[in-house]
Amino acid sequence: MFLYLEDSSKFAFSRRESFKEFLSSQDGEAFGMLGIPFDSTATYMPGARFGPSAIREASYNFEGYNLTFNRELKAPIFDLGDVSVVAGDFKETSKRIIDTLTRLLSHDLKPLILGGEHTITYPILKTIQSRDNPTIIHFDAHMDMRDHYNGKFTHATVMRRVYELEPQDIIMIGVRSASREEIEFVKEHEIEYYTSQMIQENIEEVTSKLRSIKDPVYVTVDMDVLDPSHAPMVGNPTPCGLTPFHMEKFIETISRKDIMGVDIVEVTSPVKGDQTGLNAAKILHDLLSLKS
Amino acid sequence: MFLYLEDSSKFAFSRRESFKEFLSSQDGEAFGMLGIPFDSTATYMPGARFGPSAIREASYNFEGYNLTFNRELKAPIFDLGDVSVVAGDFKETSKRIIDTLTRLLSHDLKPLILGGEHTITYPILKTIQSRDNPTIIHFDAHMDMRDHYNGKFTHATVMRRVYELEPQDIIMIGVRSASREEIEFVKEHEIEYYTSQMIQENIEEVTSKLRSIKDPVYVTVDMDVLDPSHAPMVGNPTPCGLTPFHMEKFIETISRKDIMGVDIVEVTSPVKGDQTGLNAAKILHDLLSLKS
Amino acid sequence: MFLYLEDSSKFAFSRRESFKEFLSSQDGEAFGMLGIPFDSTATYMPGARFGPSAIREASYNFEGYNLTFNRELKAPIFDLGDVSVVAGDFKETSKRIIDTLTRLLSHDLKPLILGGEHTITYPILKTIQSRDNPTIIHFDAHMDMRDHYNGKFTHATVMRRVYELEPQDIIMIGVRSASREEIEFVKEHEIEYYTSQMIQENIEEVTSKLRSIKDPVYVTVDMDVLDPSHAPMVGNPTPCGLTPFHMEKFIETISRKDIMGVDIVEVTSPVKGDQTGLNAAKILHDLLSLKS
Amino acid sequence: MFLYLEDSSKFAFSRRESFKEFLSSQDGEAFGMLGIPFDSTATYMPGARFGPSAIREASYNFEGYNLTFNRELKAPIFDLGDVSVVAGDFKETSKRIIDTLTRLLSHDLKPLILGGEHTITYPILKTIQSRDNPTIIHFDAHMDMRDHYNGKFTHATVMRRVYELEPQDIIMIGVRSASREEIEFVKEHEIEYYTSQMIQENIEEVTSKLRSIKDPVYVTVDMDVLDPSHAPMVGNPTPCGLTPFHMEKFIETISRKDIMGVDIVEVTSPVKGDQTGLNAAKILHDLLSLKS
Amino acid sequence: MFLYLEDSSKFAFSRRESFKEFLSSQDGEAFGMLGIPFDSTATYMPGARFGPSAIREASYNFEGYNLTFNRELKAPIFDLGDVSVVAGDFKETSKRIIDTLTRLLSHDLKPLILGGEHTITYPILKTIQSRDNPTIIHFDAHMDMRDHYNGKFTHATVMRRVYELEPQDIIMIGVRSASREEIEFVKEHEIEYYTSQMIQENIEEVTSKLRSIKDPVYVTVDMDVLDPSHAPMVGNPTPCGLTPFHMEKFIETISRKDIMGVDIVEVTSPVKGDQTGLNAAKILHDLLSLKS
Amino acid sequence: MFLYLEDSSKFAFSRRESFKEFLSSQDGEAFGMLGIPFDSTATYMPGARFGPSAIREASYNFEGYNLTFNRELKAPIFDLGDVSVVAGDFKETSKRIIDTLTRLLSHDLKPLILGGEHTITYPILKTIQSRDNPTIIHFDAHMDMRDHYNGKFTHATVMRRVYELEPQDIIMIGVRSASREEIEFVKEHEIEYYTSQMIQENIEEVTSKLRSIKDPVYVTVDMDVLDPSHAPMVGNPTPCGLTPFHMEKFIETISRKDIMGVDIVEVTSPVKGDQTGLNAAKILHDLLSLKS
């Protein structure tokens, strides 16, 4: 009706029609995008609340066609907006995430989550785990495997809580910072991890590992997995990280898996055009092109 | 259906339901908000394309209740998104603005426009003028009354083009910069203007003038009317401007008029939280509270 | 021993010797400065964790002599560092604030607190109230009087919680934003407030009120009481605020009272030299000069 | 006459004398530098108008001697200032570029152009093509080969328009973003392109191709060819780009060719010291050292 | 010859022809503009080296006509570029300033100096004093009257050194920060000063004083005289400063005097469009319009 | 006594007790950290005065455990604060550095110096040279080997002055900018240097050289040795620099040497969280872990 209107605050490649109409007329799957602007347990740089809008804005700098993978991005995506989080109250926020995500899954929408802090991955996986028992592919500069750090539920303990959900497996990629407690826990429980230094030397070892993991998978991307030169605006920028080229290769490999959901967290950019948002949007763009 | 979802990219006080459903069930009027992120003729600082998102984001820092005027903001507002503009092509952009606005007016929605450069006020008023013949209340550091400046349709000529539409009247508030050509034109055609220096001395002269003008009115606010200390991110920041206290008084007076539409232009903030967007959002907040 | 060493991260006018040695050799009082970098319930702009360092850094731009009040800043101040807060856990943070402050009071040090979010004022006053029953002088753009907002203990409810501590009195200065619930509560309980608009018109009414209040007093300064042009980096920048000239006059009046403590909260500047920190430091500088 | 005066707004290595005097006393060639601060068709980040001053300012951080190539920068360069562009009017701007460049070529000055948006390359090459029929070496993240995008003359169509001028050849380096239309056009017309991914794997293939191309050449550098980590301030920052090391090697190879002109476009830095301007200045510094 | 060329790095209102040709064909006086980007003794915020380019860039946002004073800016101004300063060596820099200024004065060009730190006012006045014995009108938040502060020649001692040159008189406007030593010196030597607080109350006292002072005058403007809300980027931003309205009135009064020279110092903006540069450019714009 | 207090302005891994008590109860060595915020001879970007606080702040983003090297950071470090420098007066500053460092060495504390400009390395090495005659390992984009550049003691001449102290040897790593004078001097005196281009090709050549140098060593790190993508905020950002991965390898090798002292200079970040400070802190973190 309104010829020239557009909602530039939704993800650039999302459908503008109702997802109910879409789903009733189609077979197959669609993606449901949710922003979760929660950042109350950040310990170094705050601002992950800006992540959802930063990533959506950045998506407008990408083409419908993906030259690298020679694919048109046609995957049906519905950008549902943001979960209404409660600053300072992870418990209530967690409940809301679980309720919203449960509803989303009931519509056969696969979650694409834009954080917010990494802490939110726990309620997400708590919801998904009960259905899918996925292998968790965890991109991060950190292990996030502490048992306790400023409480039980923070960005530094989230993967420990996820581990307690007993997922099929966890594999960590890009790690370069951990406490002794974490490294011991990970070794004791035979959780595989690949440091950024290893990847720098021999990326093939990781892509080959990724090819071998069992379906289904869930992908959680803490954007601090990238080097600060590529992702300066994150909660805990950590030197010696991965490059977007590394991520391109990993995403290509992962796209062949049966993916239950994806989250991209810890983007803190308050300024339009910042490359942290761009690199986060590119990860989604690549994955969604490859899934098209 | 989705309990905890919100679309934080729409204006904070806009209705989330369909405006068609709303209008069918109500008497009276509603407002239709449009962003117009066009900024191709900017000559000093670029970025007015960021205006619509800056003002919407800033609106989330305001309360539903307006303490200053002791009013609840209840006016029905529908945020329709942005007009899809064509960078570098004002002619085509202008056509799209006119088409979209015509449709909006046909639904009895009163336009609330978020610019973009001031240039967009011409197609807006071209659409409105044919119906309403309003008095134009023009807040600006500049007269924008040149006949030609980088062409016929730019931020520096827009009020000359508007004048040629023969509106009931034009009144300029907050002016402090002009060319000799402009001042001569304005004097010759007896267009009233009030400099910021005059307002600083005696604001009553202007509010009294505003009270006396004939209905209906259209309000165009170039945010550079404020002092750069209050609106640093605009296309042409100009010292010795008005304060938000001045605007509060003017808006209070204007709110008693029959307002055909409002535009707020020239906000260029790319950073969340910048006060230029806050002050623009406050002008809307005050006006809409007073109209509630 | 080390001739040329300095600790430029302490407040510029703090003593470098041990406060225990100082106190044992002196009569009279001294001030104890504490940073409390807690900001987990921020709802608009995050970063109040940067407040303590921003204010301390800014203090180095001031002279030992205060030209405005013709006084040398000689009040004995001990900058004790920051309370180790727990991001995301106000309950534990609150406990630590109370424990630390209790100890500080036991040494006859008067608290000078650098926030952090306004939320921290509750545990501070809980500690002080039991001893001193002060009149609370509350500088803020907001009432912070909601009963509930994202929980019971947030920057938007803090003065309601403080009210429940039954202090001698509360007086609010610079208010310009509130919910209807707050305004009704405040009126019902006869809590006096002065809007920034009233102050703009007639500051004498407030200074005269301030002169009349009963000792002792506690002063809490939410830096958003200043206009965003003077304090752009705060959690909730709100147009039409006070100027540093207004604060200068209020501080002069307040300095004649028996002050039990001061907090200055909501500074979010991550950049050195930002005027929000400068204006916060000036408030302390003026007060401490006048108390010298 | 004035001993200690300098004009730090000209390119650091430009001659300060009159180019007419210089040329009359010398054999051989000289370079004429022009800024073209036009950016009206920018679609993502605005500000290419700041490019000319950003690159000139950055040139002051380089030495007269070039350690990498063991050469003194002695090439005679005359920085003639900026073309007076018309914001919003590419047609008039284009005419001015052509007139100015024609004059410059008539003095045997080889153009060194500082953009501005990439759109300006069309009038530049329209002027040059009629004389020199060069091979175009096109560094860019994008193909800029659309037939139409917001009109016929924009940063996204410029190389299509250049192709229509029928230059000897076009070779594209660093591409990683295109529409399906562009990739099909390029393949159909056998325009060679090298993606950044190919270059990452095997730069030798490109340098060897560059060595084989036919003289004369024209070089157009869209600074978004670099990765956003090296050129964050450009109109369309695109992940997975080249590094300055890659550019160093390409420039070394190209310097052996007969170069008819160079443009460096899309730098949008408004802040002094930003690395986008530095990397642009380095490309010029390397090329001019190698041509000395 | 080159139709459309412009040198946007010179002051917007400066003549583009040779000042020698101009002077030979004219009677009367002309202004010579010099940048002096020296900032080695800055103690709080560095960057006054960016002052000259910040002020020149900002001048492009002003009109040839001055609406406030109803005057066309026609005064002949020659922008001669920057003095080549020596970072870290005030002695040598001082010598160069004196040599350059001496030459400038020998051509009957009146100096318009763009700092740089306030320290540069000493060599300027040393040169001028010997000829003109002016009354010094000193706008500043500080007295700069220490005898010694990090040495004899720094921004904090410059007016003491100037005092030792025995100028006709010194009058200080906008002061709000001083050491006890300075205040005592100033009182002992009967140097008049007007604090910003006094001016806030009664500006007429100062304009009337200014009217009464004896010709000729020299005007030195430390941009920190403005409030940080109007001049955030200066070496020592100091709360409770003047507004651009105050400066407008002072400049109007001063323009009736016989002015030997002007310097505007301490602008530290590295970002284009910052209001500190704008307000500095406005002071020059007003003065030069009034002198036209 | 104060349970929850912390001094977050000291280096994160420094001891909070008195170093005298510590040393009396221990054998072996400890490190003494000093900030030297001197930056008066900076020629391009100012702000190295912010280096000490930027690096200390960044240290809080690191773990006590170092995953890369599998080591706990246990080395005893005492952060003594900053040397009180004199802006604009290198001679006096130099004297204070020498006096302070002499005292520090007398307590068997090994210096860890946070600059400040590179110029400060001269007084540091003048103090150390007389005792230890170390091999100087010099990380820098520049040679800093001019005999004279804005005087005898500046960031561009510092290594020439150091050479004149006749240290055992100097080895330069990461160089990519020099004047012809410098390259000739270095070749004539057989000072070895490794350009970043060489390192990019073959890092082993440098690590092997580093292994072969004679003890003891002193390490001076000009942070511009890193590429501007990793260290954007330095005095002279220079393209084509090293990566943090390169530094990791060099530090690992150097850690096996007998290190007499370290300085890390030229960080100019005024904004918290900037990666320049992070990469500087990482160098210290790696070295101190490896020395634990």
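General remarks:
Here the chain labels run A, B, C, D, E and F in written order, and each chain numbers its own residues starting at 1.
Everything below uses one rule, namely that contacts are C-beta pairs under 8 Å (C-beta built on N, C-alpha and C of every residue); 3 or more make two chains touch, one makes a residue touch a chain.
Which chain is which protein? Per UniProt: A, B, C, D, E, F = Agmatinase.
Remember, it's a predicted structure, so these values are computed and weren't measured experimentally.
Looking for a copy of the D-E interface in A-F, A-C or C-F, one arrives at C-F, which has over half of the same contact pairs by residue number. Two copies of one sequence, chain B and chain C, touch each other mainly through non-matching residues, since under half of the numbers at the interface are common to both. Rotation angle for the C-alpha superposition of chain A on chain F: 120 degrees, rounded in steps of 5.
The chain with its Cα centre farthest from the Cα centre of chain C is D. With centres set at the average Cα position, the gap from chain A to chain B is 39 Å. Centroid to centroid, with C-alpha atoms defining each point, chain C and chain E lie 38 Å apart. Touching of two or more other chains is recorded for residues 227, 229, 272-273 of chain E.
In terms of which chains touch, the assembly is arranged in some other way, matching none of the line, ring, star or all-to-all patterns.
Here the chains touching each other pair up as A-B, A-C, A-D, A-F, B-C, B-D, B-E, C-E, C-F, D-E, D-F, E-F. Taken together, the chain E residues at the contact with chain F in this complex read 39-43, 46-47, 49, 86-90, 92, 150-151, 153-154. Only residues 44-45, 175-180, 183, 195, 197, 200, 227-229, 232, 236-240 of chain F touch chain D when the two sit together in their complex.
Of all residues in chain E, those touching chain B in their complex are 60-65, 67-68, 72, 227, 229-230, 244-245, 248, 272-275, 278-279, 282.
Within the complex formed with chain D, the chain E residues making contact are 1-10, 34-35, 37, 50, 53, 56-57, 80-84, 96, 99-100, 103-104, 270-273.
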